[in-house]
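A, B, C and D are the chain letters, set down in written order, and residue numbers restart from 1 in every chain.
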Amino acid sequence: MFAIAITLLVLDLNVPAPADLHGQSLNRALAHQWPAYLAYLVSFLVIGIIWINHHSMCALARRVDRRTLFANLFLLLTVSVIPFPTRLLATYLTARASDAHTAAATYAATMLMMGLAFSLLFLAFTRDARLLHTPVPPDALRSAVRRFGIGGLCYAATIGLAYLSPLAMLAAHALLAIYYCFDQLAPARRAGA
Amino acid sequence: MFAIAITLLVLDLNVPAPADLHGQSLNRALAHQWPAYLAYLVSFLVIGIIWINHHSMCALARRVDRRTLFANLFLLLTVSVIPFPTRLLATYLTARASDAHTAAATYAATMLMMGLAFSLLFLAFTRDARLLHTPVPPDALRSAVRRFGIGGLCYAATIGLAYLSPLAMLAAHALLAIYYCFDQLAPARRAGA
Amino acid sequence: MFAIAITLLVLDLNVPAPADLHGQSLNRALAHQWPAYLAYLVSFLVIGIIWINHHSMCALARRVDRRTLFANLFLLLTVSVIPFPTRLLATYLTARASDAHTAAATYAATMLMMGLAFSLLFLAFTRDARLLHTPVPPDALRSAVRRFGIGGLCYAATIGLAYLSPLAMLAAHALLAIYYCFDQLAPARRAGA
Amino acid sequence: MFAIAITLLVLDLNVPAPADLHGQSLNRALAHQWPAYLAYLVSFLVIGIIWINHHSMCALARRVDRRTLFANLFLLLTVSVIPFPTRLLATYLTARASDAHTAAATYAATMLMMGLAFSLLFLAFTRDARLLHTPVPPDALRSAVRRFGIGGLCYAATIGLAYLSPLAMLAAHALLAIYYCFDQLAPARRAGA
């Protein structure tokens, strides 16, 4: 499902219709679409990293219960909806400021929900030792929860940032994705394999 | 395939074109699309729950015969078509009453077909003990058939409800999905693992 | 990949825009789209049956060589392109006769290519006994080749039929799909498991 | 994910709207779209071959580390974006020369990135013997690196070719895909199974 959401993002990259060029060169028309490429790249990175992390989290699981299935469905909801705010941001990043802010805040709010869903899934897995191959030691768990809390605050802060600078908001999500890639896998590796 | 149908739903969420805002704020234009978000959420929930139930039903199966393959293909047909009535409902939920009724009844009828297909697949599996790891005890089977019958009547009733209130029809399907999630897995668990 | 092609078909079912109803009821506008539903159903059936048959053929395979990979890629090409002639037929089935014939012939030609690709894949598998778990006995092979030949002639005949009656062409493909479902699996079952 | 990208290509094949035929026959309107079919075929072939090669490379891997995950994500990015330059080329191949060159150069540049990403993934796998079932002998490795270098130069040359003849650029990529199919699998087979 991550594979599908990440691949559907490409449908948000529009090919300008020849009739819409109005004598302009295709080169310029394509260059003009830079917000679409940027939004595509950041969303691709975000979904890609969460895909890797989800995969490494599922590798820890021995079996799933109803609670984890629901948490997983909630995560899938937030991930599969990402092409919508991505398209929104691509369309309105260079529009008048108030609309750019709306689009950027919607984007940031979607990412906050996704971060929240990922944290819930992690908690659903780790709160019941029977669901895991190897129980996560209390220390690693406490530190993970603390990191999820800080991550949540960062995500929430990007909603505010969206009203100051939509571009800075997008850059912040690229950085958060890269940070999470290097950080999140650590406790899983330590505890699991 | 469930993964694909559930992810394709996001293509039904339209980004309003800047030229179509006519001075209105993007905020209002997005808020105006609430039927699309609602239809998206309910369809996501419905496909998500049937996905989980289908998965837990397939876990009971030891092998498949021609009959189950056909029943499964029929279920896939009803699930993969869901993005169409979802888009229909999103577009016409707030249109004039007669068109909203048509869209809502189409949505409810699709869900009735899907419920029927799921029941047929369940019967195709359980009527032949050789297809299962552990045979389903006659009691559990009778109670499942009774529950499917009641479920079918509920689905059929939502077609009528569509003509009274499309919104109530949509709410009914959200509730039915949640109900089936908690109910349907029970006999599978009891009989299987 | 079959799963994706079969699910993408739903994108060919258009929701009429409210502005295009011109006072007509949604009911009538939907009824007016019957060629789209019909083309959707037949293409779904065709892809579904080939999916089942491909699955049962792959179950016979112990390993693949370059030739089978290429034959498989050719089959995937013909299957993944099916949404295009389906959309074409849905749009032109009720257009002026010459365009309906073109659309129907394109549809029939795509199916002929798909049948050809399936036959090639079957031959690529069965010509080298080392690729199979159990070698297919010469009798079964000869009879399969004969059946593929007859099937190919039938598919080719539907291209002619497309110029007489596009609807009859569509019905013929529905019948051929159902026939292949019951027939094709037989030798695989006899030879394999 | 390759399966999804390869299947999404079909969405780039447009069915001409009846109102856009302006009395022309559907036959001619379809024939007029030959650049779209050609771009579809070449992109299908390119993704198909890289899919087979990626599969045979992954079969050599015993496990993955962070570096290979990132290299893999980069490859997925370049593959999943292919429908965009394909659509671009289909739309502008027969437009005025300067725009056709831009579209063709974008297509060639995407393929260059994909070739680069594939080489990086290969190096990420082979530089650490612990990631492989059987270490690749130094000779085979050196020869593979040399071949990747030559391949990269060929891909880069097609960007130049795009400004001379977009059609020749497309033909070059079809030939490169077929060449890579026969060549690339060889060292993997020799070293692996």
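Everything that follows uses one rule, which is that a contact is a pair of C-beta atoms (placed from the backbone, for glycine too) under 8 Å apart; a residue touches a chain by one contact, two chains touch by 3 or more.
The shown structure was predicted, so the numbers you read here are calculated from the model rather than taken from an experiment.
*Asks:* From chain B, which chain is the farthest off, judged by mean CA positions?
*Replies:* Farthest chain from chain B, going by C-alpha centroids: D.
*Asks:* Hey, what angle do you get rotating chain C onto chain D on C-alpha, to the nearest 5 degrees?
*Replies:* Roughly 90 degrees of rotation.
*Asks:* Could you check if the interface between copies chain B and chain C is built from the same residues on both sides, meaning over half shared, or from different ones?
*Replies:* different
*Asks:* Can you work out the whole-Å distance between the CA centroids of chain A and chain B?
*Replies:* Distance between chain centres: 27 Å.
*Asks:* I'd like to verify one number: the distance from the centre of chain B to the centre of chain D, where each centre is the average of its C-alpha atoms, in whole angstrom.
*Replies:* 38
*Asks:* Send over the residues of chain A in touch with two or more other chains.
*Replies:* 4, 8, 11
*Asks:* Quick one: which bits of chain B touch chain C in the complex? Just the residue numbers, please.
*Replies:* Chain B reaches chain C through residues 1, 4-5, 8, 11, 66, 69-70, 73, 76-77, 80-84, 87-88, 91-92, 95, 98-99, 102-103, 106.
*Asks:* Which positions of chain D touch chain C when the two form their complex?
*Replies:* 3-4, 6-11, 13, 15, 17-18, 21, 25-27, 30, 40-41, 44, 48, 52, 181-182, 185
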